[in-house]
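These are the structures, in structure tokens.
Okay, so chain A shows up in both of these, paired with chain B first and chain C after.
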Partner chain A sequence: MPFNAKSGKFNANINTVELGCGDKKIAIGGENVLPFYTFDAPVENAPKVGVEITDGILENEPECVKKYYEGCESIADMAKKAASLEGVDFLCFRLEGGDPNGADKSTEELIGMVKEVAEAVDLPLVIAGCKNAEKDAELLAKAAEVLDGKNAVLLAAKEENYKTVGAAAGLAYKQIVGAESAVDINLAKQLNVLLSQLGVSSTNVVMNVGTAAAGYGFEYVVSTMQRVKAAALSQNDNMLQMPIITPVASEVWGVKEAVASEADMPEWGDAEQRGIDMEVETAAAVLASGSNAVILKHPVSIATISKLVKELV
Partner chain B sequence: MALKGLDIFKLSPKKNCKECGCPTCMAFSMKVAQGAMDISACPHFSPDALATLSAATAPPMKTLKVGTGDAELTLGGETVLERHEKTFVSKTRYAVAVCNCMDEAAIDARLAAVPNVDYERIGERMYVEMIYVNYSAEGKTDYVETVKKAAALGRTLVLGCTDVDTAKAALEVCKDSKPVLNGADASNYEAMNTLAKEAGVVLGVRGADLNELHTTVEKLEALGNKDLILDVGCASVKEAFANAVQIRRSAIKDGDRTFGYPSLVNAAALAKGDIHMQAALASLFTLKYGSIVVMEEMSYAQALPLYGLRQNVFTDPQKPMKVEPGIYPINGGDENSICLTTVDFALTYFVVSGELERSGVPCNLIISDAGGLSVLTSWAAGKFSASTIAKYFAEADIEGKIKCRKLVLPGKVAVLKGELEAKLPGWEIIVGPNEAVQLVKFLKDM
Partner chain C sequence: MHKVTFKFENSEDVTVFAAFGESLLEVARKTNVAIDAPCSGNASCGKCRVKLVSGELDSKKTRHISDEEYEKGWRLACVSTICADVEVLVPDIASAYKSRMKVADLSSPDEVKIFDDLKEQVEEAGITLANNLDVVQVSMEVPTLDDTMPDNERFTRVLQKVSERTSIQIPYSVLKKLPDILRAGNFQVQVIIRKTNKDVFVYDIFTKEENVVVGGLAVDIGTTTVSAIIINMLDGSILAKASSGNGQIRYGADVINRIIESAKPGGKERLQKAIIEETLNPLIRQMCKEIHMDPMHIYRMCVAGNSTMNHLLMGINADPLRTEPYIPAFFKTNSLFASDIGIAINPDSHIIVAPNIGSYVGGDITAGAFVSMLWNKPEFSLFIDLGTNGEIVFGNSDFMISCACSAGPAFEGGDISCGMRATDGAIEACTIDKDTMEPVMTIVGNEGQKPIGICGSGIIDVISELFRCGIIDPKGKFVREGKRIKRDKYGMGSYVLAFEEDADSVKDVEITEVDIDNFIRAKGAIFSAIRTMLAYCDFDISMIEHVFVAGGIGSGINMSNAVHIGMFPDVPLEMFQYIGNSSLSGAYAMLYSTQSERKVYEIAKNMTYLELSAIPQYMDEFVAACFIPHTDASLFPQQ
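This part shows the complex of A and B:
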């Protein structure tokens, strides 16, 4: 007997969210099937791949990434170079230096850089904060303002600062609010509910449901994403139907497997290859679990994951 | 698949003789359905009824053993599609491929590299468990010789060979180590089945598409073979993924036993020469239903995240991985050695103790009960705070056991410094680096 294939198509969809504007505009989400299940129904929008740069320009880049940006002196140079990499759909600018416990750069300085980036490239933009909720409220609200009309993602609004970030990004300037929660389906949902109560339209929200590097508590990441997709699609839970965007680079380029030098770990071999595979394998795993977009750093990882997505969709 | 009481009752003897200890056959059937009693408690079920019942209650996916001795591996036996539903039981196994289409030097070099990756991570040995020996009719090298060389590594073999005579010759030299013979298709399944049965090995089956695969598996089952592995094919990444998912889903969710077998994904063939794409595919198919994933090579770069991912995904979601609270002396640390503190999450302990060992500096790692959570998770949950640390120091009488009064905190909880100084008078509280990997330099510079 031939195989009797049963369709796993759902009656509900993930929201379609458009990012950016003009020719380079992209859309994520929209599917009514599990990740890459094109045999159940066509996947509306293929997952997208973003490249991350930071306000440190080259300073905070992993050693092996620096060579790709050789000659870049300003954030605008860096943004242009990043945007030209093969497979890049959008650009993420992380305001790492804003952290009061780190470089503690001023909001003015960082927002100046946001403007430079926005002028340098026409790709959709994601502006990521410094992880300090209080400073991010200020930074992201201001970034939403200066990027008026760009349809950018502000990453992220958290439980502690969603009112400020949500009001500026989602209400005043109609940007996309990135809603960040800590690897827990209930927390993800709760934050979406709070944002919607604030008046932010659910089609203006994308979620970062939390992530980790492969091997570092990653099972919770897989389960959270899978459970979110299951609730969104099979139970039509419209407070979990926002597409998921996952910053992979900021997790993987800190773990030992990716950063320890070959001198320190001779048997592990070339450090660059380790960084690439850590990034590639983590990205493939979050995509397989339900992410609609990933943010990466190494050009080879970006090209590889972009190719993987094209082959799968 | 769970049977309902009523389904069992329909097959029951309906004598109500009470020999099983239940007042009626109906009551007995309900108990069996709940798992409270075993069907064997009734002596009157007909053999036909028992056969129907055992078929209906058989697990949805076959569990197979391949390899022998230390190299024996368990494949399949899954009952759920996502890990949070229950637990995945048989982890994905990784194979490195050689082919007789390669020249001898290349084969030797690839086989020689296999043992390089071999390490322990949180109590689990991480290494290449299988070797895939591919047969090509245009081979430059003798296939059987290649099989012999591969067998010498002591890993479980997969013979990727659809040529019956060659497969037979290869099995002659390795069948005792219980390899997988991945060679049956619609045209040769009868002969391959005979070979596999004679040699007592598991048979891999492939098909031009899922229909052909399904039909061939049914024919093999009709010949009495249920020791099968399903090759998802290598026409394209998209098709291989579609096949892997549909095979597993139809078995687990739709009860299609014909597809209730472990799978094999040949990433080496799907992304020839592209090692990073193979890394991506290995990760994808670890999550989505590859029982065996074949790669061209396994470098540390590919292995470190992959085995970590697999270890994460195949853990039991119901049991946290914890270590016992206590003082863990490292590098011969004694009462005068510097102290560091962290949480009782097994992963954290493994990572931190590994780095401390690497530093060569004698020290004491003090672990308190933090609910088995990571540093930031337990801190955010209130289970790793100045109070919990100070309380543990008192309970475990750390001050009575250790004379040194220097304590290094994980950098991620630098905020605890002030409060901890207040709670542990006499101690110098030092904020350590954020990542354990920085500990070696940090300790040496101190």
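This part shows the complex of A and C:
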């Protein structure tokens, strides 16, 4: 009897969500198979790779990343440079200086920078907040307003501020709402339910189900993503069918494997290579677990992951 | 040292000396001043409010006290430390847990009906309603110079003849009064005996004229509430019924905090004293006074309580219950007597203890499972006891499985800022108008009673209504604004059920986001335990044919609302039946009927105990259930 491979194609799809506008518009999601299971059915949209820059311009970048942005003096310069890197599909601008417990930059200042970035590049934009729920509510609502028509992702609405962020981004300015939860399939779904009850269309939502650097409780991340995809596809759970976008850079570039200097850790080898390795490993793993887009920082990681995706899809 | 004076509205001041920096709540505890502190002094419940009358307190501000209240002198005892001489007023609401012991009015048919129904069901199940206590009339020859047999010999002989047993045991308490009673009754007496196959034990002796009552005492010891009845052991009639708060509550609202407290030096004794001397004995005295009965005429007692309560009642080390692998000191004991632990009834009374089956499934559940009669039905039933711990039994006449989950005290009004038990002033039911957001409430008590707080059944109604009206989102956060929606300076929302001027309280009666969150956790614990246990047995909700709900949440519980918020599975409403305090009625059955007692032991032996903490998916189920009604809306198709 001949061997007949059974197709692992599902009757349900991940939502297709378009980001950005104009020529550089991209789409994520849409697949009806497990990640990279191109042998079961074509993967509608290949996973996308974004580059992250922050309002600190070069200030908070890792040493090994700084050299790629040499000569950049304004956020606009940096955005242009980032957009020109090989393999970049979209640009993520993180407003980390807004954190009241950190630099506590004013909303006006940061929104001014958002405008500069938006004028400098034509790539799809992701605006990430400062992780303080209260300040993010203000920042992201305002960013949604000034980016009217850009179809940008606002990352992220959390349980604490979903009403403000969701209403501004998802209802008033028809941007894409990033829904962030903390590595738990139920919490992820609950936030999606809350957003949809608020009136945000589920095709205007992408999820950040939480992440970690590889090795840092990462098995929870993998399991959560896999279970989200399994529920979305095999159980047709439409409250989990939003594509997943995973900010990898902000996790990876904070762990010792990526940042410890060679002077401190001579036995670990070249510091830059370590950072790249961490970022590539984490990104590859979250993509294999179900992420539809990753946000990275190091140009080499971006090029590597982009190549990986092209080879597989 | 500083002088600390506690003042009360209705009783004398208590003065004590305390060191600089000592917590006011600790000082109060040491002095036996009752300040309600269900959260054990973590500043999370806001129940331990006191009012500064004079002097100073070093006191942090918390979200539980508004600026205005702080100005007036209100402080939380748990975050206040001693820094100078001070006088504080302990308000009556703070000592409300003692809750003016409540003696039930037995003339109301509802109070007795539940026991009458039970007797009927027990007999239908083929169990005899009888016990081995009896009153016998005996008459002896009056002694003469020719008949010089001592009194106890004479008495023993006649009892041997009447009872057809050779072994007659006469305890010291009877021997002591034997000569007087015999002579006062001219050697014609009535005797209260326990007759077994082997022997006869004499409890008491009376003259022939005396109106003898053979009393029995059934007690349900809940973590929060204690209820008791006194019965006539000969015909099973209920003579008195009463309830009060569990005096141990000041050592913590839940079993874990109690165990921690009991493990401290002198802790076992303190907790035993709190339940026996401060709770049970006053309760017994009060009931006996009501019915003009001598407490010494109670000759048997039956206790149903959770495993921790059973251990603490007996003064047995409960610490192993709390730590892995969670081992109780006993499941069943037959050797406990009133004199052993100082219960103020006849000292020779045997205390029957409803058996535990696990560290967190105790006698309250074995007794309750008996009452639910699920062991006598071929179809599958679910028995849910809503207490501080939620316990669940699932099964039928062939098998039973049980588990416990920590629901917290929310169902009894604990951990809820305006929570209270279902006594006078409690909001027990509520509807809300969707457009105006105005509530219509039912309040426990006489007509015109103003609301003071909200009890378990009221909380279910309020949350269900707030959700139905779109005032809160499925996470319990307020999403509408209006006159009745308040926000504090931290942004936390609350819904005002009664403004201060309409309430019999010092502040608005309201339900806050924190309360709702606590309640959602409680209901999530119950629902996820049901789901996990059913999944463990490879069953699903559609196989349930009866749901018996027990516990102090009150007969006012609205099953439809409880399903609406995702507390109970979405099965047809006619399957639900509220069976009241099944722990107490189970204790009653065991007390009155020896065969029932044996049946409960048998149930306990046959019931499987499922340790939820050992099942990994329980936590997942719990998070999924912490949503109104549930993260998986398909589990609630009727909505």
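Following the convention adopted for this analysis, the second predicted complex is superposed on the first by the 310 of 313 C-alpha atoms of A that agree within 3 Å, B and C clash if a C-alpha of one lies under 4 Å from a C-alpha of the other, contacts with A are read in each partner's own complex, and residues count from 1 in each chain.
The rule is simple: a contact is a pair of C-beta atoms (placed from the backbone, for glycine too) under 8 Å apart; a residue touches a chain by one contact, two chains touch by 3 or more.
Just so it is clear, the structure is predicted and the values come from calculations on it, not from any experiment.
Asks: Under the superposition described at the top, does placing chain B and chain C together on chain A give a clash or a fit?
Replies: Once chain A is superposed (C-alpha atoms), there is room for both chain B and chain C without a clash.
Asks: Touch check for A:Glu31: first (chain B), second (chain C), both, or neither?
Replies: It touches nothing on chain B or chain C.
Asks: Could you look at A:Glu180 and tell me whether it touches chain B, chain C, both or neither (first, second, both, neither)?
Replies: In the superposition, A:Glu180 contacts neither chain B nor chain C.
Asks: Can A:Gln190 be said to touch chain B (first), chain C (second), both, or neither?
Replies: Touch status of A:Gln190: second partner only.
Asks: Considering only touches as defined above, state whether A:Glu159 meets chain B (first), chain C (second), both or neither.
Replies: The second partner, chain C, only.
Asks: Quick check for you: in the superposed arrangement, does A:Trp268 touch first (chain B), second (chain C), both or neither?
Replies: first
Asks: Calculate the angle at chain A, using C-alpha centres, between the directions toward chain B and chain C; round to the nearest 10 degrees.
Replies: 70
Asks: May I ask you to name which of chain B and chain C touches more residues of chain A?
Replies: More residues of chain A are touched by B.
Asks: Is A:Asp136 touching the first partner chain B, the second partner chain C, both, or neither of them?
Replies: neither
Asks: What does the superposition give for the shortest Cα distance from chain B to chain C, in Å?
Replies: It is 6 Å, taken between the nearest C-alpha atoms.
Asks: Need the overlap of the two footprints on chain A, from chain B and from chain C, as residue ranges.
Replies: none
Asks: Chain B touches which residues of chain A in the complex?
Replies: My answer: residues 1-6, 8, 36-39, 101, 182, 213-219, 222-223, 226-227, 230, 254-257, 259-260, 264, 267-270, 273-274, 276-278, 280-285, 287-289, 300-301, 304-305, 307-308, 311-313.
Asks: Of all residues in chain C, which touch chain A in the complex?
Replies: Those in contact with chain A are residues 473-475, 479, 620, 623-624, 626-627, 631, 633.
Asks: Show which residues of chain A lie in contact with chain C when the two form their complex.
Replies: Residues in contact with chain C: 159, 163, 184-187, 189-190, 193-194, 197.
Asks: Using the touch definition up top, name the residues of chain B that touch chain A in the complex.
Replies: By the definition above, chain B touches chain A via 82-84, 116, 121, 210-211, 213-215, 218, 236-238, 241-242, 245-246, 249-250, 253-254, 256, 258-259, 274, 276-277, 279-284, 286-288, 299-302, 304-309, 311-313, 315, 317, 347, 351, 355, 358, 374, 377, 380, 414, 434-437, 440.
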